[in-house]
Amino acid sequence: MSDWLPSLITKTPTEGYDLAVKLARVAIKLTQPDAAVRDRLRPEYADDVAALIAVSQVVATHFATVAAANDYWRDAT
Amino acid sequence: MSDWLPSLITKTPTEGYDLAVKLARVAIKLTQPDAAVRDRLRPEYADDVAALIAVSQVVATHFATVAAANDYWRDAT
Amino acid sequence: MSDWLPSLITKTPTEGYDLAVKLARVAIKLTQPDAAVRDRLRPEYADDVAALIAVSQVVATHFATVAAANDYWRDAT
Amino acid sequence: MSDWLPSLITKTPTEGYDLAVKLARVAIKLTQPDAAVRDRLRPEYADDVAALIAVSQVVATHFATVAAANDYWRDAT
Amino acid sequence: MSDWLPSLITKTPTEGYDLAVKLARVAIKLTQPDAAVRDRLRPEYADDVAALIAVSQVVATHFATVAAANDYWRDAT
Amino acid sequence: MSDWLPSLITKTPTEGYDLAVKLARVAIKLTQPDAAVRDRLRPEYADDVAALIAVSQVVATHFATVAAANDYWRDAT
């Protein structure tokens, strides 16, 4: 993968959240590089309550990092 | 989804907590965009002890971020 | 629910811990608002080792936030 | 329970770790106040790999808080 | 293992993420030092949704550390 | 156990990581003090993908603490 993460800085909190989602997904790609397998697994976890919540937990952890990087977008308030 | 997260700043800790709950739910929406599936899954996890606690964990992680963003609402004390 | 969280500031670490327990429970209430269902689930998780430890994890995450908000009660030492 | 947590400040990192273990256990006590039930559950989780690791995770989260409260015991180094 | 972690400083966020992935993997190597066993386990978790998300969670935790170490690569922005 | 944790300060990031592994293991020892039981459990979790990842998560949490204590070893860079 090329330089997919040029910066943690985003213009808005919403974009920061989207970046957190991306950060959560890339680790899965790196661990399971086969796109066909990931496509097969996707419906499985999209219907699985525990998996959905676990994904949300990973996003929360990354969002904490992105929010800190952006000083919580306080200047934009 | 439009700009659903204009700011992490809230007036009170209670509103900050509500925002943390929202932050936890959005990741689930983004991973399972089909509202009908989410509606079907909802009673499943609302009755599942492990799922309820896991949701509470995600909320806790986001609340840490929101609380830091608001400098723990110390000025409001 | 009314303004149940007026402040993260507590007089002592013990009270801060109690607040962390409360913060952990509220997310469960918000996800499962039916008190009768929660009462039915309660004995289930109070006897379940994994659930008890998971609750303790949520409390730990909130306690980190409350402790930071109170500057670790250093002045009280 | 009386004022069981007078301070997060400890003299050494080792004592800080012990405090983290205590902080992890109290949440379990508060969720399952019946000592007889806890005694019955104890051998169950002491033999359960997943439970042991989960307890260690809770301790790690509390240790982060205690270490920060003590400024990582840098002055003692 | 020799000095495999000379620094937490990386030039870019992308390299920081790669380092987080490495940090997540080393703990598994240290706990299961037998490469043959790890090779046997690898396909198992690469096909397991829960395991993939759990790996992503570990990466997220390490990425928070690496990002803080690099002051979120703010100077590079 | 005697004073097994004299300091969180380490000379290098690699040593800091080793300390994080140690911190993760001690909680397991304190919860299951019987070495014979731990020896019996060890092969069980060394072959269990979920357990290996969970151990890695605990190490990640402790590594965050140790890295912060050492100011991310920035001076050594």
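A, B, C, D, E and F are the chain letters, set down in written order, and residue numbers restart from 1 in every chain.
Throughout what follows, a residue touches a chain if its C-beta (ideal position, glycine included) is under 8 Å from a C-beta of that chain, and two chains touch if they have at least 3 such contacts.
Predicted, not measured: the structure shown is a model, and the values here were computed from it.
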Any chain that touches subunit C and subunit B:
none
Interface numbering overlap (same over half, different under half) for subunit E and subunit F:
different
If you average the CA atoms of subunit B and of subunit E, how many Å lie between those two points?
27
Where subunit C and subunit D are represented by their mean Cα positions, the distance between them in whole Å:
15
List, in ascending order, every residue of subunit D touching at least 2 other chains.
45, 50, 54-55, 57, 61, 64, 68
Treating touching as the only link between chains, describe the layout with one word: line, ring, star, complete or other.
ring
What's the ring order, kicking off at subunit A and moving to subunit E?
A, E, F, D, C, B
Can you name the residues of subunit D that touch subunit F in the complex?
12-14, 17, 21, 45-47, 49-50, 52-57, 59-61, 63-64, 67-68, 72-74, 76-77
Complex interface listing, subunit B residues touching subunit A
3-9, 23-28, 30-32, 34, 37, 41, 44-45, 48, 50-51, 54-55, 57-58, 61-62, 64-65, 68-69
